[in-house]
Amino acid sequence: MSELFFQQVVNWITLGSIYALIAVGFSLLFGVLNIIHFSHGDVSLLAPFFALSVISALGSVMGQAGSLPVLLLGLAVAIAVTGAVGVLLDLVVIQRFRKAPAMMALVATVALGIVLRELIRHLFPNGSNPHAFPRLVDGDITLAGYSVPLFSLAVVAVSTLSVGALFFMLNNTRLGLHIKAVSQDRDAARLMAISPGRIFRATFFVASAIGAVGGLFFSSYAGMARFDFSIDVGLIGFSAAVVGGLGSMPGAIIGSLMIAGLDTLVQAVVPNGASYRLVFVFLLVICVLVFRPSGLLGRTLVEKV
Amino acid sequence: MAHPSSQPSGNALSAAFIVLAVPLIGAGFLRQFLLAEDWRLVLGLLALFAVVLVVLERLPALETRIETAFARQSRLALLVGIVVVLGFPFALGGNTYALHLCVISMLYAVLALALNFQLGSANIPNFATGASYGIGAYASALLALNFGVSFWLALPAAAVVATIFGFLLGIPSMRTRDSYLALVTIAFGVVVHQLLNNLEFTGGPNGLVGIPVPELFGHAFSDPLVIFGQSLPPQANFYYLSALLVFISIVFAERLHDSRVGLAWNALRADELAARCQGINVTWYKVLAFAVDAFLAGFAGTIYAFYVGFISPDNFTFLVSVTIMTMVIAGGMDNILGVIVGAFLLTLLPEKLRAFSDYRILFFGVTVILFLMIRPQGLFPQRLRRYGD
Amino acid sequence: MGISSSAPLVLEGENLTMRFGGLVAMAEVAFTLKRGEILGIIGPNGAGKSTLLNIITGIYVPSSGEVRLEGQRLNGVPAHKIVARGIARTFQSSRLFADLSVLDNVVIGRHTHTKAGVFDAIFRRRRAKAELDAAAAHAEDLLKSVSRGLYAQRHRPAGELAQADRRRLEIARALATDPKVLLLDEPSSGMDDADTDALMDDIRAVCAQRPDLALMIIEHDMRLVASLPHRVMVLDYGQKLADGPYEEIRKIPRVQEAYLGRKATQHAGA
């Protein structure tokens, strides 16, 4: 294996893990709400801006000395606040569309994403410009003769842990069982004294918080935070969830790895590939949807008549 | 208009009066709006418009009366409409900026009418109208720049190209629905934008420049238009051209809405499975909606390209599609008048409220959400059909 | 009123089997329907009644077996073409075009008998309009013949109708396709006895006007099942349990156990 090839593989897995963090949220929310929360990507990419705000606020108080704790605190606050924003959006906007036609919820959340992006642009100081975002983990480690960035290892480890925790939560905890109950049959769940509203809020928090981790990693990977990152990243995360099959967590992960793989491959192989990456990614999305309309692992829904 | 609505509505004279008054008042209002400089005046006019809407909604009898008047005197209405539209540029006192805004508003009206076939009639969320618009613009511009094709030939040719792409985009709709289909249209839009941005023959991010000015019988569209000794600014050429396109689009939209095709679209909007069980080939009608949308958008794209003279990929982004969608939703899905009003309102407002134009995109986003939450039927709700009159 | 035994077959099913993944929703069901005949289908929930309707109307493609309309195989023919060949249906949870007028709903039922496409609508408007106006006139006549009350409400949005009128409208919409076979999926569901009686009268009137129309009715209401159909087919767990006149099938112990009895105990418990 050549060094270059190995680097590409590392790159692929890193990117795939980041996309997966966002894609599982799309899939989870769809499974529970049965609507597309199109702005989930935009919510996720709010996190870097929250982190920057906290870091700059605390940094001015504590100075250089406290840089690592400040950084960690910033990340933690960003994740929690992003989760809260997800809940807030549900309360203010999305919950109004629970019973509306799917198209309305879809268009409303597309608009919601635009609003979030524009709010960052207008409310964050210098929001239109890119802001440098710290590399969360620096340095390399040598594994079997290849040098691997610690950052990539951290991304893969944290993603695996987060998604693993999500799986564990869904399968083994009370909340997880309630979430599953609501996603299968809202009314039956209500009869079992599970409040769907509470479950929706919990789901929004969990999905948005995991998305926030993905958003922070993406900014760190790119070295900057930009208000319009969420257009690409959000669309890719959504596409990954759709390609894998909305509602299926393993599907979301497979979809993310596929898209990240194609993304990396195109950039490595096609001349001027960086400019064409989205073209290839979305052609893949269109192809998958044409041949497998409910995604790779999605349930083929038989409409009840 | 202040007649008590209890009067028998058979009075042809009062019908004629209504048909004469309403377009004139509308045009007068639009003129004031276009020429208003002070933001307070703009807001005042907006408030007036809102009051009129509320009154019409509170007094359904008055609304019905106006409607019947137009239905009865449809020939007169057409005549009045044509005279008002033809005369309107003269009322703007040579204000080129106002004329320019009219042209842009009308192009958006065409795009909104195009999208209305899908979003309004058939409830298909198509986020790629902006892409079809761009395909039309690029196709005609490339024909003109590379092969010296005249505007008048490029216009239908570009519409055909856009329609072919519309059919292509429609193909996935045979298998996918709702959110999945929406993603396909978004993906299509992004792919088109990225290709325009990166391909060599489309000029990359710089786009295409130097698109020749159209000519008609030796009259270049860059020259002032002289009618009855009155000289109108060059923009008037495109004003009349776009007005003609709007007129054609309205005819298309009305005829399709009142036809078996419009009914089939409405049926699949309400219940796709029930529509299939009435013998409607749902797939075909969906693809058809995509094609009709692209056809009209292609026309609008061509006129835009030749009007502005240069185009770049950024004129045809996802945000343009969302803007068009906002117009349809705010104006009123499946209501032709509503969609046109929506297009004018949402084109003009950010322009007239300068302080506000920076927040234009935010404004569109908030508008969509608020309308969907509070008034999903839009300013002008759809109407039930009538037969035989 | 019996049905002549020499009447020709309109619709027949043979060895119909429907599997969803591992689940067998219908196994080896066969049925026949003669011209002018009314066939009732009963069976507990999940017995495969709706599955049968969905197979006949082309919404599902059977895993094996065959449906034939006047001898022509229907398997794999798309739903919208089956309508054109002469099979119309209603739905258990009436699926009207709620935001369109009552009249529009019926006009849409004329879809397979009208032809205008996009080109006609735009460039041959007169012709397209004449065709649609004729369809509207036909629809008005149909509404009148199905129910005067419904006709009077023809300009209201279908979504505003009362439950019984929704059923009537669904039947009128289905009749607008000029079917040879009409399939009714639980027409009386969600209606009280008085409404059900009125609906039964309307269905009888419809049949009297169209002596050739064959009907298949899925029903739970035993009064309706006892009086309306010429013949009743009993389904249970996706299999055919019995097939014959109501007076005969009600005596079969397994039928009583599988359906009538269970229904009776449900009533007792309720």
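Here the chain labels run A, B and C in written order, and each chain numbers its own residues starting at 1.
Throughout what follows, a residue touches a chain if its C-beta (ideal position, glycine included) is under 8 Å from a C-beta of that chain, and two chains touch if they have at least 3 such contacts.
Keep in mind it's a predicted model, so treat the numbers as computed, not measured.
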Return the chain whose centre of C-alpha atoms lies at maximal distance from the corresponding centre of subunit A.
C
Per-chain Cα centroid nearest the overall protein Cα centroid belongs to chain B
In whole angstrom, what separates the CA-based centres of subunit A and subunit B?
36
Taking each chain's centre as the mean of its CA atoms, subunit B sits from subunit C at a distance in Å of 43
Any idea how many Å lie between the Cα centroids of subunit A and subunit C?
47
Identify all positions of subunit A at which a residue touches two or more other chains, and write them in rising order.
303, 305
Of all residues in subunit B, the ones touching two or more other chains
273
Could you check subunit C for residues that touch two or more other chains and list them?
59, 91
Which of the residues in subunit C end up touching subunit B in this complex?
57, 59, 78-81, 83-84, 88-89, 91, 95-101, 103-104, 107-109, 111-112, 114-118, 120-122, 125, 128-129, 131-133, 135-137, 155, 157, 173, 177
Would you mind writing out the residues of subunit B in touch with subunit C in their complex?
251-252, 255-256, 258-264, 266-267, 270-271, 273-282, 288, 292, 382, 384-385, 387-388
In their shared complex, subunit A is touched by residues of subunit B numbered 123-125, 127, 171-172, 175-180, 182-184, 186-188, 190-191, 194-195, 197-198, 273, 318-319, 322, 325-326, 329, 358-359, 361-362, 364-366, 368-369, 372-373, 376
Subunit B contact footprint on subunit A (complex, rising order)
30, 35-36, 93, 96-97, 100-104, 106-108, 110-112, 114-115, 118-119, 122, 231, 235, 238-239, 242, 246, 272, 275-276, 278-279, 282-283, 285-286, 289-290, 293-294, 303, 305
